[in-house]
Amino acid sequence: MSQPSLSEALRGVVRRDLLLAMRHRSDVAMSVFFVVIVASLFPLGVGPEPAVLRMIASGVLWVTALLACLLSLGRLFTADYLDGVLEQTLLIPQPLAVLVVGKVFSHWVISGLPVVLLSPLLGLQFGLSGESLGVLTLSLLLGTPTLSMIGAIGAALTLGLRGSGLLVALLVLPLFIPVLIFGAGAVTNSLAGIGSEANLSLLGACFLFSFAFAPWATAVALRIALE
Amino acid sequence: MFQTVALSGSRGERLLFSDISVTVKPGSLLAVVGENGSGKTSFLRMLCGLLSPDKGTILWQGKDIRQLKELYSAQLTYIGHLNGIKDELTPVENLTVSACLAGDESAREVVQKALEAVGLGRPVHRLPTRVLSQGQKRRVALARLWLSTRPLWLLDEPFASLDVTATSYLTRHLQSHLSHGGMVVVATHQEIDLPSDCVQHLRLTR
Amino acid sequence: MSATGINWFKYSSPQAFHPLAGRMIPWFAAAAAGLILVGLYVGFFIAPTDATQGDAYRIIFVHVPAAWMSMFLYVIMAIWAGIGLGLNARPSFMMAQAIAPTGAMFTFLALFTGSMWGKPTWGAWWVWDARLTSELILLFQYIGIILLRSSIDDLRRADRASAVLALVGVVNVPIIYFSVKWWNTLHQGASVSITAAPTMAGTMVTAMLVMMVGFWMYSIAVTLARVRCVIIERERQPSWGKSASLPDVAEAR
C-alpha cells in the first residue's frame, strides 16, 4: 500500500497543470489578449471622453475580468475528463476538495493572475489613477480567485454536456453577481472619495466563504459527473 | 481479501447485472467476461468506488468500501478504458507524475526501467506522448503497474491494442503480482494465459 | 404507526403517492381559489387608499406575497434536494423537480408586479435596487436549475446535479431577504415583521396574509399535480397504471 501525503498530492496536481500550461503558453496569452481587446471595445463604442471612461472603468474592467474567467472555465476539467486523468484524480487517496483547490489555483495562475497584473495598465487607459488603481488591482486580486472557485462548481456540474459553455455561464453568473457588485463597487467608491474598505472587506468575505465551501461542492459535483 | 456481496447495478434505466457475489483471495485473478454492453466497465467502476451500485456491498478485508473511502483507494490501482495520460507530456513525465500521485517510487531511473519493461525503448521516452501510436500510449498507461506497490489491480481491457509481445510482458507481470499475494480483477474479451488454479471467471450476461 | 391511523410510509413509494396526491389536489385548488379571491377583494376594494401612493399601491397584494413565495419555495426546493442527496431518495428529487417551475413563476410574477408598481411610484419600469436585483438573480437561479436538469440525459445525474446547484444557490436567499436592510435603496423597509407591530393598516395586513396563504395552497396544488406527471414519466410501469385517471394523461402524451 502506498499513499502520497496531502502536500505531495497537492503539489503533484499543481505541478502537472503548470507544466501543461508551459507547453501551451497560448492559454496564458489568450486570457490576456481577451481582456485587452474587450476592454478596448468600450472606448471605441462609447466614445473616448475621459470623464465617461472614468465613470465606466470599474464596471467595464470588472465585467471583462469576469467574462475572461467564464470563458476559461471550460479548460478547468474538460481535458482531464476526456483523457481519463480526472477519474485517476478522483482515486487519489486524499480529500478531493483539497485537490480541487490545487486545480483551481493553477487555473487561476494561468488565467486570472495575468489579468490582475495587467489591470493597472488597463486602469490607466480608462483614466484611473493613484488610489483607485490600487483598489482596482486589489479588488481583482481578491475577486478573480473567488470567481474561479465559484466557476469551478459550474464547470464540474456541466462536465461533458453538449452546449456546456453557454450552460456554465447561465449557472454561474447569478453566483458571480455579488462578487461583481462588491468588486466594482470598491473601485467606484474609491473614485468618489468614499472609502472602499467596506466593499473590499465584503470581497474578502466572499473569498473566504467560497474557499471554504466551493471546493467541497465542486468535489461533490465531480463525483456526480463521473458516475 | 476482496469481496462483493449481492451486487446489483444499472446504467440509466437499464439493469446491467444483479445479485453478484464473488470473492477474490490474495494471489488470484478474477476475469470478468461478457459481450459489449454487458456491464463489465460499470462493474469495475463500482469496484473502484467511482460508481454506486443499486444494491449490495463491496468489502475490502471485511469492511464496506464506502466506509473506508480513502483507505480503500490507497489499496488499488485502476487502469480504465481511458489511459489517464496527458498527450502534451512525455512518457517519462506522465509516469513520474502518476507515480508521485500514487505515492510510488518516481525517480528517473526507476520510471525509465518501467517503460522499458513494457517494451518502450529509450528513444521514445522524451517524445511528447501525442506522437506515439495507440498501442504505445496504452503501454505508457500500463507502465504504472510496474511501479505500483498496491495489492489490488483493477484493469479494464488492458490487452486491447497491445501486440503479442506486450501482451506477454503484461501477463508475466500479472503473474508476478499474483505470486506476491496481489489480487487482480480484469475485464477482458481474451483468455488470459495464466495457470487456471489462480484464475476465476465471472460472466456477465445481458 | 397504526395508533395514528395512517401509515405514512405506505405513501413514500411513487405508486402509492400518485393517487393520494390526486385526491389532495382538488382540496388545495379550491382553497387556493377561495383565498386568492377573498384576498384580492379585500386588497382591491376594502383596504383604504394609501396616503402617499394613492391606489397604485394595491399591486403589493400580489407583489409581496409572490416575492415571499419565491423565496420560500426556493428554500423548500433546496431542502428536498438536500434530503435527496443525503438519503439518495428519488421521491425527494421528484419533489424538487416539481417545485422549481412554480418558484420561477412566482419570481417572475414578483418582478413583473414590482415593475408595474415601480412605474407610478418611482417613475421607472425598472430600477437596479438591491431587492429587485437579487430577485432577478433568484429567477436566473431557478432557470439555471431547470435548464441544467433538461441538459442532462441520465436521470440520476440530472437529479443530483440540479440538487447540488439548488443547494449552492441557497446562499442567495438570505441576501435577498436582508438586501433591503443592508443597502439603503429605493425599496420599502420591511413593513410586516413577526415581532414588530405592522406599520400598515390592519386590513392591508389581512389582505396580504390571506393572499400568502392562498398562494401557498396554489403552490401545493400545482406541485402535487406536477409530481404526478413526473411520477408517470419516470415510473412507466404499465402494471399499476391502469386506473381511470391515467389513460387521459397517456393519450395527451
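For the reader, a short list of remarks on this structure follows.
In order of appearance the chains are A, B and C, and numbering begins at 1 in each one.
Note that in this section a contact is a pair of C-beta atoms (placed from the backbone, for glycine too) under 8 Å apart; a residue touches a chain by one contact, two chains touch by 3 or more.
Keep in mind that this is a model prediction, so the values were computed, not measured.
Greatest centre-to-centre distance from subunit C is found for B, with centres as Cα means. The interface with the largest number of contacting C-beta pairs joins chains A-B.
Computed from the mean C-alpha positions, the centre of subunit B lies at a distance of 49 Å from the centre of subunit C. Subunit A and subunit C have Cα centroids lying 33 Å from one another. Distance between subunit A and subunit B, defined via averaged C-alpha coordinates, is recorded as 36 Å. Residue positions 227 of subunit A are each in touch with at least two other chains. Of all residues in subunit B, those touching 2 or more other chains are 52, listed in ascending order. Annotation for subunit C: residues touching 2 or more other chains are 156.
On subunit A, the positions that touch subunit C within their shared complex are 153, 157-158, 161-164, 167, 170-171, 173-175, 177-178, 217, 220-221, 224-225, 227. Residues 88, 153-156 of subunit C are the ones that touch subunit B when the two sit in their complex. Partner subunit B is touched in their complex by these residues of subunit A: 1-5, 8-9, 12-13, 15-16, 19-20, 23-24, 82-85, 87-95, 223, 226-227. Across the complex, subunit B meets subunit A through its residues 48-52, 70-71, 73-76, 78, 80-89, 93, 97-98, 100-104, 128, 148-151.
Across the complex, subunit C is touched by residues 12-13, 52 of subunit B.
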